[in-house]
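Shared between the two complexes below is chain A, which has chain B as its partner in the first and chain C in the second.
And now, the complex of A and B:
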């Protein structure tokens, strides 16, 4: 460049060029900031955050009917029918055309007599009753700890459900959605086995009575744990808090406490028949805490021990009344 | 180049400065374009043919646990004639919840390191036997975990360094650092025969380990081998009580216990803490040979503790002071023949994720 060229670089021209460069660099920086996605999460398609129906799946409470129906006897179909009849009969809970989700506990790959899973005969009898009431569809669902297919087959739950006229919904990754549970401590937003609940309008839980190494007892409230996905073991840090969250998450139409067998030690996995005793009881209730408290005292036979902490935490949220003795109860000898 | 090009300080618009490209440039451009087309085609094809594994029902987060695994200490050829071995899997502290969620804390309290599991299945899929082989790092942990799960009314057998019990549908076996639970789907003769064979195989093939001194200490005093246990922490609900060996006598109430301390002074101090702990739940009812006996206010049983060298030795839940002192004297005498090192606390493994 000679002197003549330098003379052409006016101040205005240089400022204009510098401003252009600064603008371009700023725009590039803004774009980079907007696209920054170090863990790839922002690049994933956004999944909708879902909720269960406001108020859950509960039915209108009755001022006349008992809160707890307790049936004892040997014939399992008679026990299930009698327990439900004691709280108003299946027609109170299921109407013609309903789509009903039934949640048994199929957590482990164990044979039914070992008491770690819902008794398939109880499940089968329940499905029969729900079908009799005119349900359009009955879906049996759980997200077990171990391999889902193996758990459903080994426990006998799959066979019992299918033979009774239900469909079995095994979990796949695409079946989970982020569920928003307002007021929950641990699962305010958590992966939930959602697909079976699409179009369903009634939910029934049916769980065994089990000792539990962490929360001391696993019954109808803890049973909803099997609807969660993700790394569930992290909940062990506050197991009673998460069970109280489960009570908040799922407000069922009805719960059945399957006390036909009681896994009274080495729970929740069990394994030895020496850890199981016959309970010959089925409890039906619209109040999970009342049913579970009954199971704690009368089926696990821990009358001298305080209820696990999750009862008080759930009751403090107004999710039930664990003082079952103060509630109306109907006892029936059946079968 | 002319003035028009010299004037450019920043390129304002795209402009081709030559009228044509060389053949080499065209060839390179064509090759790059062809490469991009191939990459695009490969992506499209993969998208249309996803790995079928992705569509299986097993949730994705569980797949790592069921991948092909090393059998580790699990003997081969365990399946009886006509049966099949299935579901071989290995779990470590980070993923054992996938197998035994809710129960893993129990094994982690005994130094859990690895779980090897498999299922033996009869023709037609039923009956079946589930095998759970826990590597708990130390013999004292394996024996302790087994003792905690044996049915209360059972009597386990101790033979050649193997503690085992065949109870109804289940086999419990502890040998060396390993604890085996073999769970039959029923208690039929066929299942019990399989469990009996497994008992022989595992007793013969699992690596042995030295038994803790608690067996030599407690069993001659009348404790059944299955009632000897080890409590790594919070023994008797005392937060200071770690590495406690316990033997329960057949009456079900009287427990002998022993703890190894680093020095005689530490043992004396720890014995004092045990005595203080017992006193919180009762009142003194007598002193014999320098041991103050405390009667539990709820159970009306008596407890006392002393130290002998580097060992803390005690009794919990004895019927009365005289019988308690007599038994404690025998325990102190027996302890002289047991090397204190054989009662040392097991090294604590990481608890991992719970």
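And now, the complex of A and C:
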């Protein structure tokens, strides 16, 4: 090696270079080994599969208290209180420190008098009672068909909920998780508006009484539709099966059937006051099938017609008893 | 004794008075600082009003204010429609000051100008000497005047195209379709990270969202192109400072023409000016303050006055035409002015109008005369050959009037709560209708009880429409609801019609009453022997308002089995479908 080569290529340079290459190659190899995905399965995103509490949010059934509480009258706060009192009072369902999710039906951007959404006064009175019972937090949630915020504002539900001391949870894409519903026919794994249920221990549904062309009537059981996301427009391919799945998915603490107004035709959207008639009734029940069947016969006044198929399908799963006449019922006149 | 109260070392740091004896604070509270404050204010106001353009935030704010005070919008629509719509008289707020002060709007109010100046300032890597050269006038700065002429001639013929380049329209459009959705994506990721990684409640950050309560990330057709344009135009500041403002801006050109008559301008005192060119270092308009000031190019930024070492420049009412009062030969350094020696060797001090030769104005006008038929006869916007998917928002005026009014600002698209309004691409509106609002029911649907687009439209392309008028109730009961199109069934793709499968989501969501979609009930035996009751949907066209919720909710999502096209829209007699509605439309007019 002549002097020039020596200046060009020193031992130190050579060793440094070799060490650097070895280190780099080693690190790259280690990384490749760590990240190796031989069949492409590892690279797929992992979605957690969540479940609601086993047995749902139902409370201990009572042997003495009636299953249905039906209050009729004009004053809405009095109706709500009387109906709930008839089935044991709000203290039976909500204890001090509870976190309660309330699910109204706010599916469409409609003013309250059009009857397409839960009456905000009913919701407000319910939130008020739940607060009174000592609930730590009340969350009002729905995933409407139309723009969520517009629906909550136009229906008056947002204002009523906030004024009564609840918080309103509007759905955003990141609030949905895949919910596992064991035994469901169609929605065993389906995107569910999960975030409001994190930390919640009571669920109350409050839905209007509405005509519905396909499933014939939309009441407290169909109301759970608004907790799902994803491709809901496929549900109509077996709407009765879906509603029976909804009944399986959500076992609520209490349901309220808001019969203050009845959307008796052109449902579930309505849009004209002539589609609505006053019902002046609020029904409280621990059995949503019984409440809905009462609504079908007494509020939609379809006494001569057979109950829609989802009643029998849900009942066959032991999720309630649509034969409300055979059950204990307490009727009260309020306000 | 007083020294006991002085902080040690204070004397050393105390600001020194200026060399000319004026107190130190005149350095800080200069007019250029006030200008910067004004730019910050108007830029913030612009962002605030865009932020407010959302139904939960509007609360009566004048959300389209910047578009309304843009005098080019007012003047160009006045040329095309012979009327001044609603709030467009507010253009006087900019027009009148321009007639007094020159193009001050460009460097005091214009949010797009502020953006360009800011970017140019941040990324300026040049030396002072380079900057002086970069801020010299170039002949390409004439282009904006030629574009203005093309656009105004086209407006006179009935095609309003100023919105392609008007800075306010351009910036509102860019925020709406490119920047706001991008920022929403960032906000939603940030909110998720806060909640999931740190267990914090991200609700207080909801103010960062441009569309709070929107159930999906908002998407806009062709957002990439609008985004690319702003990146390109803003990036050009690194090549030519204020490239857009100096070369392309039709509003700047319009204000430049008006500046010709402004009594105030930058005046150069020839007895002080040493021709050092330091005034060019930060000259925003490249308006030659070192020589014959080009009034039409001057943005009235006052940087030249700041930078002049001789204090030779001032902003003056009716400055003296020095040339007329000079005695002697300035080029040889021998001239005097009222007995004082003239130092500058450049005797000219002003050039009022734009440096565009008359024949070039004529050339541009011919360009406009030709451009109109080129665009208009491209079928997309005519009675025949129009796109079935060019579905205009409710309240829109008839198509040819629409094209006289729409400035492509996309405020309607910004405010639309369901994201159904989309900037038109070439396929719906042709080049003439590029970026005008059309509905895409795959993205959203027209919400029944909503008239926000008509509320924010600054030019009346979407005429202010009350809810009663949209729904055809109350005093409008006789006229019926506003229809924007008609829905059709594709029976081959429809589940009940073509696939023995129950569905009718369309019927369920149809928002009118009685419903525009009816159903036939039929019990059939399927291929596997099971009996199934099908409700088969059909249209009742006289009830359909074209809102598209049926198309949006149809489970056949890629090419829906029920879809809306523009036929049957109330605004057009040519595009009506039913004899019944034709009669109603005629009664109206």
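Throughout what follows, the second predicted complex is superposed on the first by the 291 of 335 C-alpha atoms of A that agree within 3 Å, B and C clash if a C-alpha of one lies under 4 Å from a C-alpha of the other, contacts with A are read in each partner's own complex, and residues count from 1 in each chain.
As a working rule, contacts are C-beta pairs under 8 Å (C-beta built on N, C-alpha and C of every residue); 3 or more make two chains touch, one makes a residue touch a chain.
As the structure is a computational prediction, the values presented were derived from the model and not from experiment.
A.B. asks: Is the arrangement of chain B and chain C around the shared chain A a clash or a fit after superposition?
C.D. replies: Overlaying the two structures gives a clash between chain B and chain C.
A.B. asks: Report for A:238: first if it touches chain B alone, second if chain C alone, otherwise both or neither.
C.D. replies: Touch status of A:238: second partner only.
A.B. asks: With both complexes overlaid on chain A, does A:113 touch chain B (first), chain C (second), both or neither?
C.D. replies: A:113 sits against chain B, while chain C stays out of touch.
A.B. asks: On chain A, which partner's contacts cover more residues, chain B's or chain C's?
C.D. replies: Counted on chain A, the partner with more touching residues turns out to be B.
A.B. asks: Thinking of the overlay built on chain A, is A:172 touched by chain B (first), by chain C (second), by both, or by neither?
C.D. replies: In the superposed model, A:172 contacts both chain B and chain C.
A.B. asks: Determine, under the contact definition given at the top, whether A:260 touches first (chain B), second (chain C), both, or neither.
C.D. replies: neither
A.B. asks: Check the residue A:145 against both partner chains and state whether it touches chain B (first), chain C (second), both, or neither.
C.D. replies: After superposing on A, A:145 lies in contact with both chain B and chain C.
A.B. asks: For A:286, is the partner it touches chain B (first), chain C (second), both, or none of the two (neither)?
C.D. replies: In the superposition, A:286 contacts neither chain B nor chain C.
A.B. asks: Touching A:20, do we find chain B (first), chain C (second), both, or neither?
C.D. replies: first
A.B. asks: Would you mind checking which of 8-16, 152-160 or 566-574 on chain C runs into chain B after superposing?
C.D. replies: 566-574
A.B. asks: Under the contact definition given at the top, report the residues of chain A touching chain B in one complex and chain C in the other.
C.D. replies: On chain A, the residues that contact chain B in one structure and chain C in the other are 108-111, 143, 145-150, 153-154, 170-173, 212-214, 231, 233-234, 236-237, 266, 268-269, 271-272, 275.
A.B. asks: How about chain A: which of its residues touch chain C in the complex?
C.D. replies: Within the complex, chain A touches chain C at residues 108-111, 143, 145-150, 152-154, 170-174, 212-214, 231, 233-234, 236-239, 266, 268-272, 275.
A.B. asks: Can you list the chain C residues touching chain A in their complex?
C.D. replies: Per the stated touch rule, the residues are 55-56, 188, 191-192, 212-217, 417-418, 445, 447-450, 495, 501-505, 507-515, 519, 535, 549, 553-555, 557.
A.B. asks: Quick check: in the complex, which residue numbers of chain B touch chain A?
C.D. replies: Its residues touching chain A are 6-7, 9-10, 55-62, 66, 87, 97-106, 119, 125, 127-128, 130, 149, 151, 154, 167-170, 181, 183, 185-187, 353-354.
A.B. asks: Help me check something: in the complex, which residues belonging to chain A touch chain B?
C.D. replies: Those residues of chain A that touch chain B are 5, 8-9, 17, 20-21, 107-111, 113-114, 143, 145-150, 153-154, 170-173, 212-215, 218, 229-234, 236-237, 266-269, 271-275.
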